[in-house]
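Okay, handing you the structure first.
In order of appearance the chains are A, B, C, D, E and F, and numbering begins at 1 in each one.
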Amino acid sequence: MHACICAALRLNGFPCKRPENVTADDFFSSALALPGNTGNPVGSAVTAANVEKLPGLNTLGVSMSRVDYAAWGVNPPHTHPRATEIIYVLEGSLDVGFVTTAGKLFARTVCKGELFVFPRGLIHYQKNNGGAPAMAISAFNSQLPGTQSLAKAMFGASPPVPTDVLARALQIDGGLVEAIKSKFPPK
Amino acid sequence: MHACICAALRLNGFPCKRPENVTADDFFSSALALPGNTGNPVGSAVTAANVEKLPGLNTLGVSMSRVDYAAWGVNPPHTHPRATEIIYVLEGSLDVGFVTTAGKLFARTVCKGELFVFPRGLIHYQKNNGGAPAMAISAFNSQLPGTQSLAKAMFGASPPVPTDVLARALQIDGGLVEAIKSKFPPK
Amino acid sequence: MHACICAALRLNGFPCKRPENVTADDFFSSALALPGNTGNPVGSAVTAANVEKLPGLNTLGVSMSRVDYAAWGVNPPHTHPRATEIIYVLEGSLDVGFVTTAGKLFARTVCKGELFVFPRGLIHYQKNNGGAPAMAISAFNSQLPGTQSLAKAMFGASPPVPTDVLARALQIDGGLVEAIKSKFPPK
Amino acid sequence: MHACICAALRLNGFPCKRPENVTADDFFSSALALPGNTGNPVGSAVTAANVEKLPGLNTLGVSMSRVDYAAWGVNPPHTHPRATEIIYVLEGSLDVGFVTTAGKLFARTVCKGELFVFPRGLIHYQKNNGGAPAMAISAFNSQLPGTQSLAKAMFGASPPVPTDVLARALQIDGGLVEAIKSKFPPK
Amino acid sequence: MHACICAALRLNGFPCKRPENVTADDFFSSALALPGNTGNPVGSAVTAANVEKLPGLNTLGVSMSRVDYAAWGVNPPHTHPRATEIIYVLEGSLDVGFVTTAGKLFARTVCKGELFVFPRGLIHYQKNNGGAPAMAISAFNSQLPGTQSLAKAMFGASPPVPTDVLARALQIDGGLVEAIKSKFPPK
Amino acid sequence: MHACICAALRLNGFPCKRPENVTADDFFSSALALPGNTGNPVGSAVTAANVEKLPGLNTLGVSMSRVDYAAWGVNPPHTHPRATEIIYVLEGSLDVGFVTTAGKLFARTVCKGELFVFPRGLIHYQKNNGGAPAMAISAFNSQLPGTQSLAKAMFGASPPVPTDVLARALQIDGGLVEAIKSKFPPK
């Protein structure tokens, strides 16, 4: 509780209440109660309950997300720069995997009631391996784990990552890089 | 992945595989798929997936538990010495609370799909506030958070905490302490 | 020294002086020079020199307390959510103990000039095992370790922990819980 | 020095010498004295001096790499899961950039004698912006920062990341994914 | 307690008992009960209770020392590379001080019952400012803080620090450096 | 990036920009591009690029310095209270060394292109072992490692460390201490 017992300023950059104003609601969230909208090209939606949404998490080092998957939907390859993730499947079953720094893929199917761990900072993905919606809850050992979708970061950054850098990295021609970039318009 | 890439020894006291022997299954658990047995005096059961059960968690700083509650069951006041907990309700609704070091109780009802945070080391509890079974998933920012049930630690330790210490702490007489101790036979 | 070299704001929620205003006195305390008042039901008094009293401790990760014990006085079972404690006996001798997460009590007598360690977050107590006053100094690896007296937290929280939760946890009837609560009026 | 003063075992998974056998050479490396071979598709080579090469780094939390760039060579987009990087240019000039978790690219040219910082876990790259070889030294706040080249991890993992996952992530067709995969044969 | 629950190996380089062999005595020390021998050129003696002496401290992050001072004795300028120190005076009064990285001395007299803080890694000293013996207890937020006496490290290292380096550093001639070295024969 | 995403306040005592005002330049420095002025009694100059100069380093845990050496110049014995250092030689060759807490000197020559590690908090030095200027780059695992030159801290602090303390520590007479002090006038 000490973390939030400070002046009407910000602590670690987040709002900090005076202790007499902190309530149980600062440690509560209903943000993960409803499914996200999976009507998008990848067929998945992540809803986060991190310190940006839940001020009581400040300095406590945990957060949670809900992931919804349309039939055959994919939570595309991404990293969390500041956290390990542990995912628990609530509905359906998922094909999940992560790639180690040695280039090895560790992958398997995780069914309802089972869990899987994605070590800190490593590239990972999940795919709904069924024709009905699936759902999972993920927990992180950071109050703000951050997420970098590899496709969006490489092809949709603003300003854009130079085309020649991506072409050389992927060993494809620049026109193809531009074509992929067109699918990821910067926000 | 580095953490488990070591000799056939132990790292932090836990088994450590050679990297060529690590598989995806070291990051997977089905231990939380089935309900625990809530046929006990408090009407709740905690099933843990920590580093003792899931070797891949070693050095990764996360773990998970499943809590099952009988009708009106209670997960009695306890602490986790090494972790903050974030709990997500999957079935039913819970009355939850924690006590701050200033002696303030932060409590509220948490329904299916909602979550609540118990800061590191603070005394907390959950109670199923309904007549049907309830269930929740808890995540921790430690691979081995540890649990101390206050009643068991005070009245069921082995060897026992001296009766006069407890009597003075609770301001009750020694006979009553002995009576409570009889409910918590040391293992 | 860097920790206190900041604007006239707060750092980690504590006051922070401009570097030109920091003096040796910010690293000094006489708060532990005099005995606390042990004229209370448990017969002990803890006087703390933590970051709330000693601003120079901010970010330095240490603090100290003095514990005074009346004849046969008890520092009742409690936890420090954020620190390991190391206690050094200055006067008299103490019966001390802590309970592990496996429910084992580690206890022994500690005499003048001897020390004992209470690992982070675990329930522990001390009892003056003599008829003269005793005194000890405790050090912590946190600038604000926090303290939760189990009796006060369970029976004297404000608002109160629900009686039925405590009755079920301790396996005693609600009337007895209420009787104990009456000994711990919330502040 | 304590870190390496242990039995003939391994500490954190790395070899650990008895203190009487540690010498100054355990804290020394000439591994970065010579250029790496940049005759490869991306035109760059990273030579690492981390704890795998330099046992004295164990527990000390630093490491270093040398990066050589052929004319117009690229160190393709990658992450370090466990470290922030600070790069200092010794020869030539580089176009460098990293992408934030908000999808913003921070990029600029860094010339000989200048430095740039890549925050922990974020995707970043460097490109030699000249027709002569370039060279830089990178330091990390980890003794084993780890590296994930995005192209290799996505298209060259072993076993491979499923084609349909990549196709959906990049919004390209599976045939194209296969074509890119063919450029990154698993080791 | 988990820290010591491992195989019959070493953890962090220190002996680690099987949990069934750990006892309360592993958390106890009488090493600080008796005064050290202050019959030496500086007139002070430090007796340490760190993890090398007290195995139960392993992973717990605290340790303690007793400092005895002859009349007018000095605990000469030194640093602790891995810990902040908090010192509590038990007998007599001390003139204490530390030097900041900005070259500022923070110094004052600390009497019986008072305490002072020496921030992590900074040069500090204590001097008994009276003609009777003095005594203090120091606590550290490290189980092995380490100590470097500046005089011994500079003039008594083995092999010796080169004379010309010291002469230039202190801006004295080499003969004088050699004369001071002769007072600090390497062990 | 999160670290700098806060209000127009200070974070850890350093300026913190609103996220919309952060630019690539906050992660860039040209401060190490030019040699420092080695025309001083020790014949060396350290130029630092730490968080005081480079705001983007805040919370990222790294920094860098450039060290220039005149012919036979010395970077005199000093410590960094908060960081391990890794040094890479760019020009010339250096005789380097550090002293362990056991009083052992680990020393050797480090030539152009080679590197050496100075563990956190330990006394170390470098000496240009040639008649031409030398240059090195040092990296630290702290954004503000701090530096204490032993000679300046002991003999040039303001107010001064008492002469009798230094005389006793070095076992020299007070007149000689005063003579050395006169070479290090407090700023």
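By our rule, a residue touches a chain if its C-beta (ideal position, glycine included) is under 8 Å from a C-beta of that chain, and two chains touch if they have at least 3 such contacts.
Here the structure is a predicted model, which means the values were calculated and not measured.
When you average the Cα atoms of each chain and compare centres, the chain farthest from subunit E turns out to be A. Of all chains, the one whose Cα centroid sits at the greatest distance from that of subunit C is D.
Chain centres here are Cα means. That of subunit A falls 24 Å from that of subunit D. Averaging C-alpha coordinates per chain places the centre of subunit A 47 Å away from that of subunit E. Averaging Cα coordinates per chain places subunit C and subunit F 40 Å apart.
Looking at subunit C, one finds that residues 2-3, 9, 82, 97, 101, 104, 107, 119-120, 122, 146 touch two or more other chains. On the subunit E side of its complex with subunit C, the touching residues are 1-3, 19, 22-25, 27-30, 32-34, 49, 54, 56-57, 60-64, 84-86, 88, 90, 97-98, 100-102, 104, 106-108, 110-120, 122, 137, 139-141. Taken in their complex, subunit D has these residues touching subunit A: 41-43, 74, 76-77, 79-82, 95, 97, 99, 101, 103-105, 107, 119-123, 125, 127, 146-162, 164-166, 168-172, 176, 179-180, 183-184, 186-187.
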